[in-house]
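Dropping the structure in here first, questions after.
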Amino acid sequence: MNVSQILAFLQETLPSERLEAQEMPINEQVISLPPQTLRPAVQALLEQSDVYHLSTITGQDMDGQIELLYHFWHGGGLTLRISLPRQEPSIDTIIDLIPGAAFYEREIVEMLGVSFLGHPDPQPLLLPEDWEGSPPLRREFALPEEREEEEG
Amino acid sequence: MRQPWLQSILGRCVRWARRRSPWVLHYNSGGCNGCDIEILDLLTPRYDVERLGILKEASPRHADILLCTGPVTRQSRDRLRRIYEQMPAPKWVIAIGSCACSGGVFAGGFNVEGGIDGLLPVDVYVPGCPCRPEAMIDGILTLLEQVQ
Amino acid sequence: MTTQITIPIGPQHPLLKEPLSFMINVEGERVVDSALRLGYVHRGIERLCQTKTYIQNLHLFERVCGICSHVHTTAYCQGVEALLGLEVPLRGLHLRTLMCELERVHSHLLWLGVLGENIGFQTIFMYAWRDREIALDIMEELSGGRVTHAGNVIGGVQIDISDEQFYSIVYRLNDLEQRVEKLLDVILHERTLRARTQGIGYLSPEEIRRYCVVGPVARASGVDIDLRRDSRYAAYGRLHVNVALAHEGDVWARTLVRAREAIESLRLCRQLLVALPEGPTRVRAPRRVPPGEVVSRAEAPRGELVYYIRSDGSDKPARIKIRTPTLTSLITVHDQLEGVETADISVVLSGIDLCIACADR
Amino acid sequence: MTDLLDALAKLLLFPGFAFLFACAMLFAWIDRRVIARLQGRVGPPWFQPLADWIKLLAKEDVLPVGANEWACTMLPIFSLAAVLAASVYIPVGGWSIQAFEGDLIVVLFLLSIPPLAYFLGGWATGGVYSVIGGNRSLLQYFSYEVPFLMALCSPAILSGSWSIAQIAARQSETIWGVFLQPLGFVLAVVGLIGKLKRVPFDIPKAKSEIVAGPLTEFSGRKLALWHLSIETKTVVGIFLLVNAFLGGSGVTGLLPPPVTFAVKSMLVLLLLSVTSVLYARLRIDQLANLGWRVLAPLALLQIAVTVWIGVR
């Protein structure tokens, strides 16, 4: 199934949005979606196409927003891009649709402070339980070395 | 047991035995696996450290030497100390690999606290990233030469 | 008897070469529930790499995992090269792929040895690791490092191969292939090994798909995914890759798949060497990387490895996300462990080829 | 007075405890060396078991909180004492310290004490792995003990005597038990492997599953005693098999009795070493199946055939 077909039926499921596919290097297509349409989109992908493999979820702290990238693989790359506000970002979980996403979501919870609504077990995956301070991948988090540089 | 000659003979026997029967325990406190597989490699036909009497033990209670690899991460810290405390005396610690010696490439990471010597008394440092098995054998033998 | 006891596996346990903690609830000899705790080897690499330049990061990413070090830098370099728009010379791509395949052989033999040790079959451990030294020797000869090679640079590889090396390497590859075939013969016919691994840790193809599992674990359940064939990155586009498949879905099938993959990798190595083109092995790369983002995928010995790289135009990456294949199979451990005997915990855990350094990063 | 000295010398030096200790060290070394050679390695030097033992004696002796100290001290001693007591009745190369009609049964009984001490040792230290290892050793005991006992009964029935020396003598006069009862010999070897907890029956101390089983929490002197007890048990077990199935020290040709005995013991030891290289560890339920569905019926068959031969 190629990307124009995927785009076409995603557009069908989400008639109120205008979807566009952008190209990334190495055979990767990116489709930007508003946060509330992620679940219907993933559901549509699973039910109506042969896309089932979620490679991972990348979370990153951009200037004004938190970005989540859902990377799929179906013989070619497909990435769904979601933007969330930096203040108290939250989004619906997809682990009932794709159970394999559980660890990726947990990692984003601890690394970026995004909350996933409906995740049954959002405890830290990698960080120690007594972690204090801002999540380490947020912009305001500074490594010890960087802190010294700022002060010095 | 009061006679000095008897004690000196016994002491010599014990020192001889300790130098020839170092049982090691391996703990990775946050390394990349490179040194760990090289430690396991010590047991295999090419290096075969059993010919030097070195055995890799499973329980801290049976071990004489603690081989530490990797930098100390926040979560591993308490565990590493506990393993060291479980070992019966006399016991020694060898830091294997650059990150165990100083933190290596991972120094400065938010979850990394630096080398092993911040936590345990290290007897021998074996640098290298990853260490070659020959270097590890040399490290263990260097330690054994100092054993009293 | 309904009393449950909790067996802690890890962080220090002979079964695990690296720390990881499993709390396993057992009723009699049967596992009822298990809880996983990661993070003992978490070094914060994804944050640390933002403070280093692209070239310094080569050194760091090689140390995400000591077993599959080369494939990490392969995925990383491939991504950065795509952002830079660099065309890597064919000879460089061939050598890069050659190292990837040698690494796969070494990783699979290592795994076979660890499985042997975990089921109390010391001899398999010794033999597999003895034979693995041949692959390590070749890699050391090419790059100077046994485990980490520093072979990849942005824009190609910094290793090359001479004519004398060519013949000696091909000769040793043939020798190694015979040895691996002997090991495969043992896997197929040794009865105690089969008794310990058959029917343990079963995963159905549906579960594999739902949990998005990759690599030999997926292929042992009959799910045919292999990026070497599907994505044709590096020099794989010029090769014909036969993907090893099995359908039993248990640990024994994973053993078979890995052994067959090792043999296939040796075959690929020979193909790569025979078709090795002349020319330079690398091109010069600029220090600064233009803004942009890329998803770079490569097939590590344990399956699909994903690097997401975003550049903001400086000489340091703005964000790099690493998804290692071990993380995908760790999710399935809870399901695999349910209802097995305590003695089979070690078999299940070794069956998925744990690499905690990869999973924790 | 000379009688007493003579008896003491026999008991303590040869063929008594000192000799047994030397044999234990020697056998342990040969075993490790053979295994190493078969695995493509060099293996330890000859003094290795001795060095290990002395080192353990000189190490700090710690026990975890909550362990029963008295039991932990006594159990390795019990285990070792039972093995030493058993060794008294086993003729070695033509010499024996003590012998009477029926000593086979005493030896078999004494040899079943160490597994119990091992099991209790696991419970006394109280660690999770120790307790599981202890339970497993008891389960294993039930699986191998019955076939082992029945296998050793048949040479006794055949030779019409329950004295080990008598059985050996009868066999060296006529034909060795291993040729007349190959099945019985195989069963006895399998039982012995189970008794000694060697691969493929090293289930109670499976390293990758439960660390070191009941011995996980032991250290220093107590661990040294446990090791010694296991190593002497290997020697006693091998000597027992040599007497019961290989005609003891009976002269088979040109060699003098002690040499014959030594050669036969080495053969059995080699058999044990090679077996432990060839197989993977079994699971406890697989062992129980093997013990009760395969070994026990075979042992019964063996006894039936023996009795039938004996009657004729």
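What to note about this one:
Per-chain residue numbering starts at 1, and chain names A, B, C and D are given in the order in which the chains are listed.
Methods note: a contact is a pair of C-beta atoms (placed from the backbone, for glycine too) under 8 Å apart; a residue touches a chain by one contact, two chains touch by 3 or more.
Computed from a prediction, not measured in an experiment: that's the story for all the values here.
No other pair of chains shares as many C-beta contacts as B-C. With centres computed from CA atoms alone, C is the chain lying nearest the middle of all the protein shown. The distance from the centre of subunit A to the centre of subunit D, with each centre set as the mean of the Cα atoms, comes to 62 Å.
With each centre defined as the average position of its C-alpha atoms, the distance from subunit C to subunit D rounds to 44 Å.
Centroid to centroid, with C-alpha atoms defining each point, subunit B and subunit D lie 34 Å apart. Note: centroid distance subunit B to subunit C, computed from Cα atoms, is 28 Å.
In subunit D, 39-41, 207, 211 are the positions where the chain touches two or more neighbouring chains simultaneously.
Shown for subunit A are the residues that touch two or more other chains, namely 127-128, 136, 141, 143, 145. For subunit C, the set of residues that touch two or more other chains comprises 13-14, 39, 42, 44, 47-48, 51, 126, 130. If you check the complex, the residues on subunit B that touch subunit A are 74-75, 108-111.
The touching residues of subunit B, counted against subunit D in their complex, run 13-14, 16-18, 20-21, 23, 44-45, 48, 50-51, 53, 57-59, 61-62, 64, 86, 88-90. Put simply, subunit C touches subunit B in their complex at residues 11-14, 17-19, 39-45, 47-48, 51, 59-60, 63-67, 69, 110, 113, 125-126, 129-130, 133, 146-148, 355-358. Subunit C contributes residues 38-39, 42, 44, 46-48, 51, 78-79, 82-83, 209-214, 225, 230-231, 233, 292-297, 304, 306, 308, 310, 318-319, 321, 323, 327-328, 330-331, 360-361 to its touches with subunit A in the complex.
By the touch criterion stated above, subunit D contacts subunit C in their complex at residues 35, 38-41, 128-129, 131-132, 199-200, 202-203, 206-211, 277-286.
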